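So, here come the structures, one by one.
Both complexes below contain chain A, partnered by chain B and then by chain C.
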Partner chain A sequence: MAATNSYLRHLMAAAVALPGISVAATPIDKGDVVVDLKYVHYEEQDDLMTVDAEYLTLGIPLTGRNDLTVSIEFETMSGASPIFMSPGQNGDPVVVKSGASITDQRTAVTASFRHFFDAGTLTVAPSWSDEDDYTSQALTLQYEWDTNNKNTTFAVGVGFASDEVWAEGQVIRNDKEGRSVFFGVTQVLNTSSLLQLNVSFAEETGYLSDPYKLVQVQTSILPDSRPDDRAQIAVLVRYIRHMADDASVHLTYRLFNDDWDVQSHTFEASWYQELPGDWTVTPSVRYYTQEKADFYEPYFVAFRNDGYYTSDFRLASYGSVIAGVKITKKIAGNTGLDLNLQYYARRGDLKLGGEHSLDPEPLSSYLVTLGIKHTF
Partner chain B sequence: MNTRRLVSLIVIAFALQSAGCAVNVKPWERGTLAKEHMAIEPDALERTIFEQVVTSKEASSGGYAVVGGGCGCN
Partner chain C sequence: MAMRQYDFSFEAMACVNELSLYASNKRQATAVAKKAIDAINKLESRYSRYLPDSLLTRINESAGDTRGVAVDEETAALLNYSQTCFEQSDGMFDITSGVLRRIWNFRENKLPTDSEVADTLQLIGWDKVIWDESRIVLPLTGMELDFGGVVKEYAADTCATLCRDMGVRHGLINMGGDIHVIGPHPDGSPWKIGIQSPDDPGSIATTVNLKHGGLASSGDYQRSIVIDGKRYGHILNPKTGWPVEGLRAVSVVAPQCLIAGSTSTIAMLKGEAGKRWLDEVGLPYLWFDESSRLFIKDDCSMREAS
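Up next, the complex of A and B:
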């Protein structure tokens, strides 16, 4: 039962893991008062996880050169989750799950202060997140400036996070620290297209294991145990192009690599189609493929010299596909309503090339997002 | 990541920057770029939510900047 909390924590608190990419940033234009509200429902098949969340973002101009955006997030999560895998008949892994459903809640707040200098924009964003078994405090600093008659935009950012994680009922609290650096350049290519290149480096240190997950090593059941340091790099390229008939296409590729031997490729494509009556319809698709961490196995037939073990499928070799459609309607020019439906499938055999991990229980889920945004 | 790949990425970054020097789209030519769906993230809050969900299911994160990007189209 306790394992559920860990799963819950990862489910919606994941942004906390990456310092610098925390709750919502500042999605407002200079000088506007903006209220942005979203309701999210996430549900996995087989009575695993269900999440309901509300996000409220309020953008307020302070003076001509300063503004503040406050983002608040409430989440309620419940369900069951995998704890470890055992060898079944023929050696195929069998998932052992947590039992009855429990409920956890999360509250997160981010305050983004922006200052507009003549030469660029500085954003300072502290954030806090609190759960039954996880707390996080983070700070993000970012500076963004244009050159070349605003045809080139640069962004640099740093993030710091200090987290505490513990298992329900445990007295000991484990510390985890995160640091990240971000560089981005966005280039106008011509009157109808843009290209962006981003690179981010992140390092996490401290307790990076999962306090609720276990592993089977021969006949022993041991705790999930991961290295206390993880260095990551992500490189992302986006291309955005306007098409005929009031449409645009957004294409994204991301390469991710870390020193646990995880490597992944992410491809995203979205088509924004404007329609008469201020409607926009946006179908989108995302494909993801991942190589496993070097200490992942569904179960272990031998002890490892380094003592690292995980059977958390998130660190396995697999692929995933997300397909979705979003409908947006503008009312009176300053109010927008949106509905986004997305379906997610994660399976071992969706991996691109090479060997994939044995996957006794593929995951599928759907995500519904309903939003309203008003600009005063 | 191997060094060769990293070097090629840096070369791409420089190529981007050099290309940038050659581009000079004037403010009055930005009607198309200023459209809402031509923004890097037309809905930043949605991106945040989406990244939270996928990061909780997968081992990768990073690369997206919710702030940042932008083309000076505001």
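Up next, the complex of A and C:
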């Protein structure tokens, strides 16, 4: 349960150290059916992409030792997207966008089956996603257990994904595969703080380019072309501290590195504040800074020996900031409402230190999520 | 496979206790109940202050001996839990306060003298105890620990955990009014738990519906002295040595019976101020005031221990 104040939090922390007390063996909301509906609206400024999505999540207890969560997502995207960049006057890159508006629909289903063993919890989560130009099937397996009087929690996981991607109208379907392993440890430091460390390794192979993107090399326009292998490592460190007055602070740092030379650092801070009347307010800020892939240029003045080219700004040197606030309100005991607002800004010169990529069109967007959750 | 309810009644911790569980046959139910009751008996043999060879008796007999007694992990966790309650209740919940029983005899209509109270208060105070998470020292001769309000509730939780570990999904353990619901009836309906009226322990004042988790009560259900028309309850303030006033009885619903028990005890000890404090804690509750009027926090019987 979510301890609602510091009194309960302290008692819970002391009680779970007792061998006869178990909190882990109780499935989601102790055997209740949970229905969660969410509506998401995402909009990029300057008439770029707009995304509307609806999510329906059902939590279903099966037996005392098993439960199942199924999530269905419908997403509609429309708008224009940058295709490549050309050198303009003074050599500054100029963005060429898709003229006509792209529309695409995505349907995704994720199931998550959990089995509670005496010693730990196994999660098996297959997922399927289908859109006009992309299909994906994935499976993750995770096992979580605790030791040391529940003060230390370990998690190990593996993931597999098999995707097909093509540009609309193209006949050729390109395959892409992904494999990942994950290891996590969460350590309770004292009654008011805990530290979490996650390390994951992932490898993608196959067609990793973007079939819609092009690059300009001298005067030629070539397709976006990336290596067919990408190895990645990510390390996440999170510190959570409960404050005296029904509040907690979460500080997160994430390091990402891959063999395309992309390196990024993410810093995130959020403050959970409980307020009278079953309200919670969570303001958060996130800063992201990235070092570009070695084959990224806005446009290329020379051909590359390896034949790899991309002008996809997501692989450029840039920085971004997200500021957001999440507000939840519990009504009538079993029903909760939540509203999440986020503003995102991406710019070359927000990058931390060193050179950043030339950035003809800084991106900004906002995201609104509205949700209602009911426990039966 | 149809499941039937099997009920087991047993004596432990100075109470008649009841374990109800659903199983597909009697053999299975009996096997589970035997293990669960054994575990409760084991806790009693360790933490009873009446048994001459219990660990608790050994600790109490060491009072005055600065070498103290080394304790195992489970006992350490119980002591840590009790210490947390002491800290969180500003010293009102105090497992050293049992010595007040020596001067408060609720079988005789007689009040202790001021000097008796003052002398006894010298022996009370968890802050006087030396506790380093592995060894406990009761520095003054005559000091005493009492796990009343902790061990019976913990026994209910332990029993529920064991039953769940052995596959029981529907059942309830009632340790003399301290309850842990293992899970609802197989059709999903809650257990209906009657709350005694403090004036007439034979009658039910209200019913609490519970599907999971703990329910515990604290109050002047039986023992009290009436002198010159004034009632003296048996819940004693460890700081003054006198009975607390303000509430007759409190029941609290929490994920664990242990937490329900300490919360209802602390609310009783806080007296009148306990009413507002219960709201701040946020768990479902009900209380009877001095005139035995019942107040139910609106969702006490509807909401689960969540």
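Here is the rule we go by: the second predicted complex is superposed on the first by the 346 of 376 C-alpha atoms of A that agree within 3 Å, B and C clash if a C-alpha of one lies under 4 Å from a C-alpha of the other, contacts with A are read in each partner's own complex, and residues count from 1 in each chain.
The definition used in the following text is that a residue touches a chain if its C-beta (ideal position, glycine included) is under 8 Å from a C-beta of that chain, and two chains touch if they have at least 3 such contacts.
Treat the numbers as computed from the prediction; the structure is a model and nothing was measured.
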item: Chain B versus chain C as contact partner of A:Q216, first or second or both or neither; value: neither
item: Partner chain(s) touched by A:T63 [first = chain B, second = chain C, both, neither]; value: second
item: Chain B versus chain C as contact partner of A:D118, first or second or both or neither; value: second
item: Touch count on chain A, higher of chain B and chain C; value: B
item: Interface residues of chain A shared between complexes with chain B and chain C; value: 10-15, 17-18, 21, 23, 25-26, 29-30, 149, 191
item: Of all residues in chain C, those that touch chain A in their complex; value: 39, 43, 73-74, 77-78, 80-81, 83-85, 87-88, 154-155, 157-159, 161-162, 164-165, 167, 169, 183-184, 211-213, 255-256, 258-259, 262-263, 280-283, 299, 302-306
item: Interface residues, chain A side, partner chain B - complex; value: 10-15, 17-18, 21, 23-27, 29-30, 36, 38, 40, 42, 53, 55, 57, 71, 112, 123, 125, 142, 144, 146-153, 155, 157, 180, 182, 184-192, 194-200, 202, 232-238, 240, 242, 248, 254-258, 260, 262-264, 266, 272, 274, 280, 282, 286, 288, 290, 293, 314-315, 320, 322, 326, 338, 340, 342, 344, 346, 363, 367, 369, 371
item: Chain A residues touching chain C - in the complex, by the definition given at the top; value: 1, 4-5, 7-8, 10-15, 17-23, 25-26, 29-32, 63-64, 118, 149, 191, 333-334
item: Interfacial residue positions of chain B with respect to chain A in the complex; value: 1, 5, 9, 12-13, 16-17, 19-21, 23-27, 29-33, 35, 37-38, 40-46, 48-74
